[in-house]
Amino acid sequence: MMRLAAEGLGGERGGETVFSGISFTLGEGEALTVTGPNGAGKSTLLRVICGLLPAAEGKVQFSGGGDAFPDVASACHYLGHRNAMKAELGVEENLRFWQEFMGEPHLPPFEALEMVGLGDIGHLPFGYLSTGQRRRASIARLLVSYRPVWLLDEPTSGLDKASDAQFADLMGVHLEDGGMIVAATHLPLGLKGARELKMGEAAG
Amino acid sequence: MGSGMTNATPQASTLSGRLTALANPTRFLALADSLVPWLGGLALAVLAVGFYMAFAAPEDYQQGITVRIMYIHVPFAWLAMFCYSLMAISALGTLVWKHPLADVALKAAAPIGAAFTALALFTGSVWGKPMWGTWWVWDARLTSVFILLLMYLGIIALTRAMDDPGRSARAAAILTLVGFVNIPIIKFSVDWWNTLHQPASVFRLDGPTIHASLLWPLLICALGFTLLFVTLHLMAMRADIWRRRVVAMRRLSARAAERAAR
Amino acid sequence: MLALFRRELQIGVRTGNGALTGVLFFLAVVAVIPFGVGPDLNLLARIGPAILWIGALLAGLLGLERLFQADREDGSLDLMLLADSRHMRALTVFVKCCAHWTVNVLPLVVVTPLLGLFMNVEPAGILAATATLAVGTPAITFIGAVGAALAVALPRGGLLVSVLVLPLTIPVLIFGVAAARGAVADPDPFLPPFLILAALMLFFAVIGPLAASLALRWGGD
C-alpha cells in the first residue's frame, strides 16, 4: 500500500516563512487540491514536497513504493509552470527523451499524444505549438513514464474547456489505477472526491 | 515585387499576407528551376575549356608549374569580393526597397562567399609556400581577405541566430553594409601598402600587365567560376525559399490541429 | 544517460550557433594578435602555442553560462534534479558537460591546426598544441560547469561565470602551454607537463560535476 505523508511541513521563500504546520496523508486513489490566493505558497509547497526546495520544518515521506520508488522524488511527476520541453526538438522527440530519462515506461509517446489530442502534430518542433498545445504536450509527459504521485502546479493554465475535461478524465484514470494527485490550483479541476487544502488563511 | 505585395486584400491576416508575399518568389522559383540546369551546364563547359587552356598555357620561367594555381586562386579571390558586393546590393534592396527576395539573396550568398574566400585563402597559401617560404604572412592583402572571411562567418552566424526571418534579414543587411568598407581596402591594399602580395595585374587603369597567353585562360576560368557561383547562388536561394515555406506550413499545421481539437 | 547526451547534441546541432560563434571568436582573437605585437613571423612562431591556448580558453568559456540556464528556463532542470535516485546528479552534469564540449569546444580543437599555420608555428608545435587542447579543454568545461551552476539563477550571469572560472583554469593553461612549447623549444620536455595536464583534466572531470551538482542542489528556487 503506497502512502504519501507530510508532517508539520513549513516552507520559506527568500528567508521568509510562507507557510508552516501543514500535514496531510494521501493513500492510493486519493487526491488533494491545494487552493488559496496568490502568494499563499502553493507552488512552494509542491516544490517542498518533491524535494526541489528544502523544508524549513517537518518532513515528507513516501512508503510502500518498493524498489522502483524508494523515496518521494523518485515517486513524483512534477508538472510546474514551465513545460520542460525544448523548442528546437519535435514534440515526440521531447517525450521520447523524457521517457528514456525518467524510466518506468508507461505509454509510448505517440499514444500519450493521442490521449491529449496532439496525435497529428507529434512531428512538429515544440516551438511551433500554441500555449494550450504546449501545456497538453507536457501533460502527455505525465503519461509516458509511470509515477504514482502527480504533483501539478496550475496544470490547466492555458487550456480551453474541452482540454480541461480531457485532462480531468486523465486524472480520474490515474486515481482509479491507484495513483495520487496533489494539485495547486485556483480553478476547479473537476476531480471528484478530492480533499481540499486551503492555504493562506491559517498559515498566513 | 512591391506592387505584388500591395495587392494583398486589406482584411488579410498576417499569415495570408505572408503567403501573398511568397507569391512572387513562386515566379522566381519557376525561373530558377528553368535556369539552373542550363547555367550549371554552361559553367562546367566554360570551366572545362578554361582548365584546358590553363594547362596549355606556357609555364612561368621563375615559378614553374605552381603558376597554374593562379587560374583558380585569382577567380576565387575575385568572387570573394564579387559575392560580398552582391550581398551589399541585396542589403540595399532589403533596407531601401524591402524586397523579400533581397533578404533571401543575402542570406543564401553568405555561405557561398565564405566558401570562395576560404578557397582563395587556401589556394593562396598553397601558392605562397613555395614562393615565399611560408604558408601565411600578415601583410595587408592577406589580412584584409582574412577579415573578409571573418565577416562572412559573422553574417552567417547572425542570419542563423534569429528565428524571425524579417528581423534577421535587416540585421544582416546593416552588418553587410557596414562591412563593405573592407572591399576597397582589399582591392587597393596592394597599391597603398608595400606588401609581399603582387600588385594588381589585370584590372588596372593602364591596361593589364599580364601577357595575353596567360590572360585569356585566366579570364575564361574566371567566367566559368562566376557562372558556377550564379548557379550555386540560385540553388541556395531556391532552397532557402523552400525552407521558409516548410516553416510556414508547419506553423499552419499546428494551427490546424488546434482548430480540429475544438 | 545516452538519451541525455543525444538530446543535448541534437539541440546543439539544430541551433548550431554556439559552435560557429565560438570558432569565430577563436579566429578573431588569434587574428588581432599580429596587429598587437606586429607581424614578425619569428615572434609569432615563438608565442604561437600560447596564443592558441589563450584563444581557445576564452572561446571555450563562451556559452558556458547557457549550460544549465537554458534547462532552468524551460523547467527541464527541475526534472533532472528530481531524477537523482535514477541518475546521480553529478553524472547528469558530467554528461551535459561532455555534450557541451563535443558541440562547442571540439570545433575549436579542429580549427587549431589551421590557426597554427597563421601563427607560423612549426608542424611539431601545431600537433602538440592540438593534442594539448584536445586533452586540456574538457577540464575548462568541467570547471566552467561549477561557475555555470553557481550563476544559474542570475539573469546576466554570463560575464560572472567567466570571471569566476578564469582563475581556476590557470593551472590548466600553465601545463597546456608548457607542454605545447615543450614540443618545439628544445631543452623543455613535452611529456611530463602533458601527463600532468591529463591528470588535471581527470581530476576536474570528477570534482567539477560533483561541485556543480551540489551548487544546483542548494541553489534551487
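Structure notes:
Chains here go by letter, A, B and C, matching the order in which they are written, and residues are numbered from 1 within each.
Throughout what follows, contacts are C-beta pairs under 8 Å (C-beta built on N, C-alpha and C of every residue); 3 or more make two chains touch, one makes a residue touch a chain.
The structure displayed is predicted, hence computed values, not measured ones.
Each chain's centre was taken as the mean of its CA atoms, and the one lying most distant from chain B is A.
Overall, the chain located most centrally, as judged by its C-alpha mean against the mean of all protein C-alpha atoms, is C. Distance between chain centres (mean CA atoms), chain A to chain C: 37 Å.
Chain centres here are Cα means. That of chain B falls 33 Å from that of chain C. Once the centre of each chain is set as its mean CA position, chain A and chain B turn out to be 53 Å apart.
Partner chain A is touched in their complex by these residues of chain B: 163, 250-251, 253-255, 257-258, 260-262. Residue ranges on chain C touching chain A, taken from their complex, read 2-4, 6-7, 10-11, 14-15, 73-76, 78-87, 220-221. Of all the residues in chain A, the ones that touch chain C in their complex are 47, 50-53, 70-71, 73-74, 76, 78, 80-89, 93, 96-98, 100-103. On the chain B side of its complex with chain C, the touching residues are 125, 134-139, 143, 146-147, 150, 153-154, 156-157, 160-161.
By the touch criterion given at the top, residues 16-17, 20-21, 23-24, 27-28, 31, 34, 39, 41, 44, 117-118, 120 of chain C touch chain B in their complex.
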